[in-house]
Structure formats: C-alpha cells, structure tokens
Amino acid sequence: MPALAQGKAATLKIGWTSTDSAQDPYGIGAKLFKEKVEALVPGQVQVSLFPNRQIGDEKELLEGMRFGTVDMGVITNAVIANLETGFQVNDLPFLYADEAQARRVLDGPVGQELKDRLAKKGVIALGFMEGGFRSMLNNVRPVVNPEDVKGVKYRVMQNPVFIDMFASLGGNAIPMAWGEVFTAVQQGAIDGLELPVAVIDAAKYYEITKYLSLTNHTYSMIALLVSKRSFDKLPKDVQAAVVKAGAEATAEQRRIAGAQAQEIIVSLGNKGMKVNKVGNPAQFRGSVKAVYEKFRPTIGSALLDQTLAAVQ
Amino acid sequence: MSELAWVLSLGFAGLLLLGVPFVFALGITSLAGLMVIDIDIIVLAQRFISGTQSFSLLAIPFFVLAGDLMTKGGLSRRLVAVADACVRHVKGGLGMVTVLSATFFAAISGSAPATTAAIGSIMIPEMTKRGYSPEFAAALAVAAGIIGPVIPPSIIFVIWGVIAEESIAKLFLAGIVPGLLMSVGLCLASVRYAVRHDVPKEPRASAAEIGRAAWDGKWALVAPFVVLGGIYGGIFTPTEAAVVATVYALFVGLFLYRELKWRDLPAIVMGSMRTTAIVMFIIAAAAPFGWLVAMEQLPPKIAGGIAAISDEPWIILLSLNLLLLAIGMVMDNIAAMIILGGVLIALGRTIGMDPIQLGAMVSINFAIGMATPPFGYALFVGAAISRLSIERISRELWPLIGVLIVVLGLVTYVPAVTLAVVRLF
Amino acid sequence: MTAIHGLLEALSRTAGRATIFLVIAMTVVMTVCLILQVLFRYALGQALSWSEELALLMFTWTVLLAGSLGVREGFHVALTLLPDRLGPGGQRWLERLILVLVTVFGFYLAVSGWEFYDGTTGQLSAAVGYPIELLHSAALVSGALVVLHGLTRLVASFVLPPAPEARP
C-alpha cells in the first residue's frame, strides 16, 4: 500500500472549485490549512490540493465528504444550505452589516448551532472562512437606493434566495450558466450581475461593466469542511492538529481575504469602473423582508430569530 | 506508475480490444479502479448522474434532433438543390456541390455523422451516376461531414466548453474560419479529382433555375441565421438556440414544406435520442473515470511529460497533434476528449496557448478522428450509405484527410485563423 | 432455459417499450421547458426559475434510460478488431463474455445507485424544490435495466440460433 511506503503519513485530499491563484479566497484557505496542519504534526499528515473543480463540483465534493470518498473541501454556503437548510440564514440578503459582524455571529452560538447540525449529516465544519461580500455591477446605472435595481436585468445563480431578492427589489433576475455570462454582458443580453469583488477582478468584468455598487447584499461564507468518516480514521493527535489548524487557517484567511477585498475595490476603480457605496443599507433590508419570512420555515424559526437578534 | 494508473490504462485498452463497447469499458475500468484504491463505489452512481447535469450539454440532443428534423423535413435536399444550381457546371462541380451543401448544412447541424448522412445519402448516388467513382464519392461525403462539427453549432465544441469551462459561444466563433478553409480545400480536391479522371462537366443552370432553387430553399437557407443570429444577437444561449432550431425545423417541416407528418415524429425523436444516448452515456461513464484520473493527479504529470519533449512550443504542439490524431483513429472522440481534458488544459497553460485556440485545435483534431480509419462515426455512415468497405473508401479518403490536417496545422500555428473572428465580437 | 428466456424477454421488451415512451415524453417536456424559458424572458420580461432545473432532471433520465436501452438494441459503439478476426463460434463466445461483463457492470451500477439514493434522501433540489431522490434514483434504475437487458441477451445467446446482430 502506498500509505505504508511513505511511512504512515495520513493523507487528506482537499478539493475546491475555483482556481489556485494567490488571490483566490478558497485557494488561500486550503493552502493555509495545509501549511499549518503539516507544521503542527510534521511527517504525520500530508494534504494534497485539488483546485479547479478537478474532483467534482461543490455538490459532489460535499456529498463525497458524507460518503467518505472525498476528505476535505472549501465549500460555498449556498451549497451547504442544500444539505442542511439552516445555512440558508447566511444567504439572507442584507443580513450582515459588515465583515466584523458576520465573523462575530459565525464564531458565536449561531455558528456553533450550524456546526452541530452539519455534524449530524457526517460533515465537520473546521471554520467559516470568507469569500467576501457580493456586490452588484451593471451597465445601466449605479445602485444607490433600492429603486435603482428596478427594471435592470441581472444574471443570478439558480438559487431561490437570489431570485427572490431581486424580485423583491423589482429587478429582473435571469438565471444563467456561469460560462455564458461574460459574453451575455458584453453583447447586452443582460445588464449586469452580482459577484464578490475578487471574482469581478479575476474574471475581468471591469473590461465590460461600467458601474460597481458596493451593495454588500450577501456575505459569502465559505466553509472549511472535513468528512467525519475521514476524520475518525485519523490518529488522535492528528485529529487535534486538524481542528487547531482549521481554526488558525480560518482566522488568517479572513484577515487576508478582507484586506485583499479592500485593495481590489481600489484597483477596480483604477481600472475604470465607477464604484459607489449604497445610501442606506437598512432601507435595502426593509425592501426584502418578505424573503426572510419565506425562508423562516426551512431555516428554523428559533435559529432565524437568534441570528436576527445577533445582528441588531 | 501507480497500481491505479495501470488498471486504468491497461484495463481500458484491454477491454476495448476485446470489443467491449466504449461506455462499458470506461465503466468497468472505473469500477475496478475504485476497488483497487479502496474507495466506496458510490462514486460510480454519483458521477454518472452529475456527468449529465449540465445545461450546456443539454444542447446536444437538440442539435441532433434539429439536424434530423431538417433532413426528414426536406431542408437538406433543398440545400443540395441550391448548391447544385450554383456550381455544377464547374469542373469537379458535383464534388463541390457535396462540399458546399455540407458546409451549409454544418451551420445547422452539430455533428459529423449527421452531416455525412444528410448530404451523402443524396450526393453519393448522384456523383456515382455522373462519372465519379463510388469510392471517391463516399470518401468526399465522409471528409465533408467533418465540416459539420467545425462550423458552428458543434457538439464537440459544446463538450470541450464544458470540460474546459470556456465560453461555448466563443469556441463556436473560433470554428468558422477553419470550417470554411476545409470547405475550400475539399472543393479544390474535387476539382483535382475531376481533372485527373476527366469527369464530364454538367450543363450550366439558368438564372431562372438558380432563382427557383433559392426561393424553394429559402426556409433552409435562413435556418443558420436563426441559430447563429440568436446566439450572437445576444438573444439565447447555445442550448436555447438548439431548442429554437428544433422548433424551427419542426415548424418548417410540418407547415411550410409539409414533408414531415405528425405520426413520423415519435420515430424521429427516438432516433435522435438514441444518437444522443450513445454520446451522453459515454460522457456519463467517463465522469467516474475522469475523477479517478484527477484523484491520482495524473494530468499534470502526463502534461509535464509531454512538455518535456522539447523547449520549442512548436515541437510540443506537433507531437501533441500527432498523438491526438493517432488516438482519434481508434478512439471515440468524446471519450478521448474527457479522459485527456485535464492533460490538455494543463499542457496549454504550460506552453501559454490561448485557451480558445487550444479548444479549437483539440476539437478539430478529434473531429478529424471521426473520418480516420479504422474507427470513425462519419466513416461508418459513409460506408453504410455507399455499401462499400472501409478499406475501399480509405484509399480515396486519405488524401482528403490530408487536406483537413493542413487546416489543423493552420489552426495550430496561426492564431488568427481561430481568434480573429472571436476578437470581432 | 427456454422458459426463463421467455420470461426475461417479456420483461426486457416491456421495459424497452416503457423506456421509449418515457424518453419521447421527456424530450417533449424538455423542449417545452426551454421554449417557455426563452418566451418568458423576451415576451414577458420575466425569468423562470424552474425551467432549467426541470429540463436537466429530464435530461439525466433520458440519458440513463436510453443508455440502458442501448444494451437491448445493441447500439453502443465498440471496436471490432478482435471480433472481426474470429470465426462465428469464437464471435459467439466473445459476445457472451462481453455480455457477462456488461451485466456485472450493470449490477454494480445498480448497487452503487442504491447507495447513492439511500445516502442522500430527504434533500430538495435548489430551484424547483423537488425531492432529490427523483434525480438520484436514475443510476439505480439504469443499472437494473442494464442487468435485465444484458441477462436477456445472454440467455438468448444460448437458446436462440445465432443471428447476425450488433454487439451490446
């Protein structure tokens, strides 16, 4: 067996679906974890990295962790929410006011509750990392007030929270496969879309989109996850190292991703995008109240109220 | 090489040689691979299903169905009539009719065997009647069929777009000039044949005759504008364009040309879905295989091996193309593309090739594989229509494949051939 | 043996007919979904959130069902280098060997399909909210049909006189 030949080092395969560039928030998180855990228990564990959707999309990676066919992954909140619907709470539009608040809530009792629920499904959350806030970009007009969204065609992911959010704001939500979006914006088939700033930069949307409005409508949480089956097979000291490295990697990933988001916003402005902040965030949250109520049953009333109290 | 790598490579090759269908050779090898590295076989079902859950791949059944409906609805025949009226009086004119009507049909159909079938079934008997050898007529229909998936729309470009996560609309644009170049090259080959064998010329069509053919064929002639105009006018995605083309073909066949009957539709639909199932079941079965290949981190290793051949990118590209042509001779093109996708993308990054140009090069290479003996879908169709053996067609086919390979060379070494049109949009 | 073949052939034929009916019906549904998607976007300026996901559900089923039908009808493509070099007797035994391999594979696909179905129950799809079992049972059904059609042809190869037929 190859494991014996390499002298008993346990291997952990970690997958994510975006690139392995130095700016990618998922990649940063995975690499930090590798670095830290391999330093904590030298020679006892080896982490191999699988970026670029090499071993599956996020649904498959998450399923794989439940079955024990994939060890680890960095997975977007919305995909986890399909498995454990409590996670829908993080995707509620205009929920978190800023990064600091989101981190506080996710590190507190709300985050613990989510971890406990996910563990029951065979997946352990080592930490809640940061993909950055999602913002709107388009070619019609900057979004300052909720009315500015009206009548503008935005591409959205095929996810009911996003579709309902745009519907509540009077926008025109068009679900579209990611591969076709760039051309569609370029040719004017759609007016804009919504993305984390890091992705706007990486996918070069500044070349074809005029206005970037920092709507911060969704805090995109990305979770560092490990399969419970894989975790249980590890020796006790390696398990402890995995947990510790997960927490440390999460803290550092947040710091780096947060700083990077600010730099990217400045650079997008320099590359010609007209960047603006929204007038009054509370006004936006008011416009989408219906979405909160719609998802109350699947999130769970207690968890939703607990979260709302925590962000007041 | 690891134990798994041996199982995947030798197991797959052995099963293929035994005569196990591609789809099951992939499936059985994946199963064995999972057992060897002791991973739950649940991956098999998971990947079979996820391999088909792609909106872009959903274009495939509809591009197949649209092509079939156009052939059964009389559109292909009218395209041939237009080309016939325009060029039959030239030396080698009938050969050019085959090539040009295939070129036009290519702008509707996404598949090589469908193009060979649509045009070959009309033109092989016609050319044979008027002085061409049946072998050359069949070979020309097979080679012209390759234009089908090179000019957009194209099933093979759709699949590469999904594998490489590149814009399918952009990949389509990259195929236009290579497709037209193939068309020109094959027309010249027809002239050369007619001169050498002194094939008699046909009488010139009068202007009135040309006008009548064009008017009668107008609904077929506008079809490409519906498909491509829709995609590049920013109206639909390629998948939606495929569905619109299907509905258009249905409408024209049922109500304008009235050659389709409602009662024929179930059989036509089922025929198209059988074709789709051949392609898509292979894609589904290649998904667990591809997962195992990725898990072993084989693509970067193999790409590194190929890149180490030389410091000169042009030598690497030459070797790569020769390797792919050799694989395309005996392999199903879709299975080959999925298995090698990771390697090719990694290699493209290493030598710094534009991803759209790389995609066009790989797709065109494997499209040519559908004509190369001994295993090629367009070749099988040409043999079935002409009732000639593959060996007999092959002698006339190789020079025509040479023409297609010249175009592949231009695609490989002259970026403008693929990218100039992409940059226009 | 003949009685077993009679029963298997009846089952296989029925399954084949049901497959053809379902595949055609689902193709119609896919077409309607996508045409509505385009119409709603341009004529009514309103995006449908369910059309794509529903069409993809149908797509997976058409592929996995029609793929299994390929075993009954023998339309899956294979290399013929070895079979071409064998006599009729050798071809017959080779065909049987291939059918055994195909049937065993179908069995494992069904087992794997059952595990996948069983391990993911209770989830809903992202957009339409259909129970995920509707999608995840496709591999189980496809594998079971491969076994049925493969076994039927295997038994037939011992019972019926040789026919110049395509391979699986």
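By written order: A, B and C. Residues from 1 in each chain.
What we mean here is this: contacts are C-beta pairs under 8 Å (C-beta built on N, C-alpha and C of every residue); 3 or more make two chains touch, one makes a residue touch a chain.
None of the values given here were measured: they were computed from a predicted structure.
Q: Counting C-beta pairs in contact, does A-C beat B-C or the other way around?
A: If we tally the contacting C-beta pairs, B-C comes out ahead.
Q: Which one chain sits nearest the middle, judging by mean Cα positions?
A: B
Q: Distance from the CA centroid of subunit A to that of subunit B, rounded to the nearest Å?
A: 39
Q: Round to the nearest whole Å and give the separation of the Cα centres of subunit A and subunit C.
A: 37
Q: Please work out the Cα centroid separation of subunit B and subunit C, and write it as a whole number of Å.
A: A distance of 24 Å separates the two centres.
Q: Residues of subunit B touching 2+ other chains?
A: Touching at least two other chains: 40, 42-43, 46, 55, 235.
Q: Touching at least two other chains at once: which residues of subunit A meet that condition?
A: Within subunit A, the residues that touch at least two other chains are 63, 67.
Q: Any chance you could list the residues of subunit C touching two or more other chains?
A: In subunit C, residues 52, 115, 119 touch at least two other chains, as defined above.
Q: Along subunit B, where are the residues that touch subunit C in the complex?
A: Counting only subunit B, the residues touching subunit C are 15-24, 27-28, 31, 40-46, 48-49, 52-55, 57-58, 61-62, 65, 235-236, 239-240, 243-244, 246-247, 266, 269-270, 273-274, 276-278, 280-281, 284, 330, 332, 374-375, 377.
Q: Along subunit A, where are the residues that touch subunit C in the complex?
A: 63, 66-67, 78, 82-83, 158-160, 163, 172-175
Q: Along subunit C, where are the residues that touch subunit A in the complex?
A: The contact residues of subunit C facing subunit A are 41, 45-47, 49, 52-53, 115, 119-120, 123-127, 129.
Q: Note which residues of subunit C are touching subunit B in the complex, please.
A: Contacts found on subunit C: 20, 23-24, 27, 30-31, 34-35, 37-38, 42, 52, 55-56, 59-60, 62-64, 66-67, 69-70, 73, 75-83, 94, 97-98, 101-102, 104-105, 108-109, 111-113, 115-117, 119, 135-136, 138-140, 142-143, 167-168.
Q: Mind pulling up the subunit B residues that touch subunit A in the complex?
A: Counting only subunit B, the residues touching subunit A are 2, 39-40, 42-43, 46-47, 50, 55-56, 161-162, 165-170, 232-235, 237-238, 291, 294-295, 297, 299, 342, 425.
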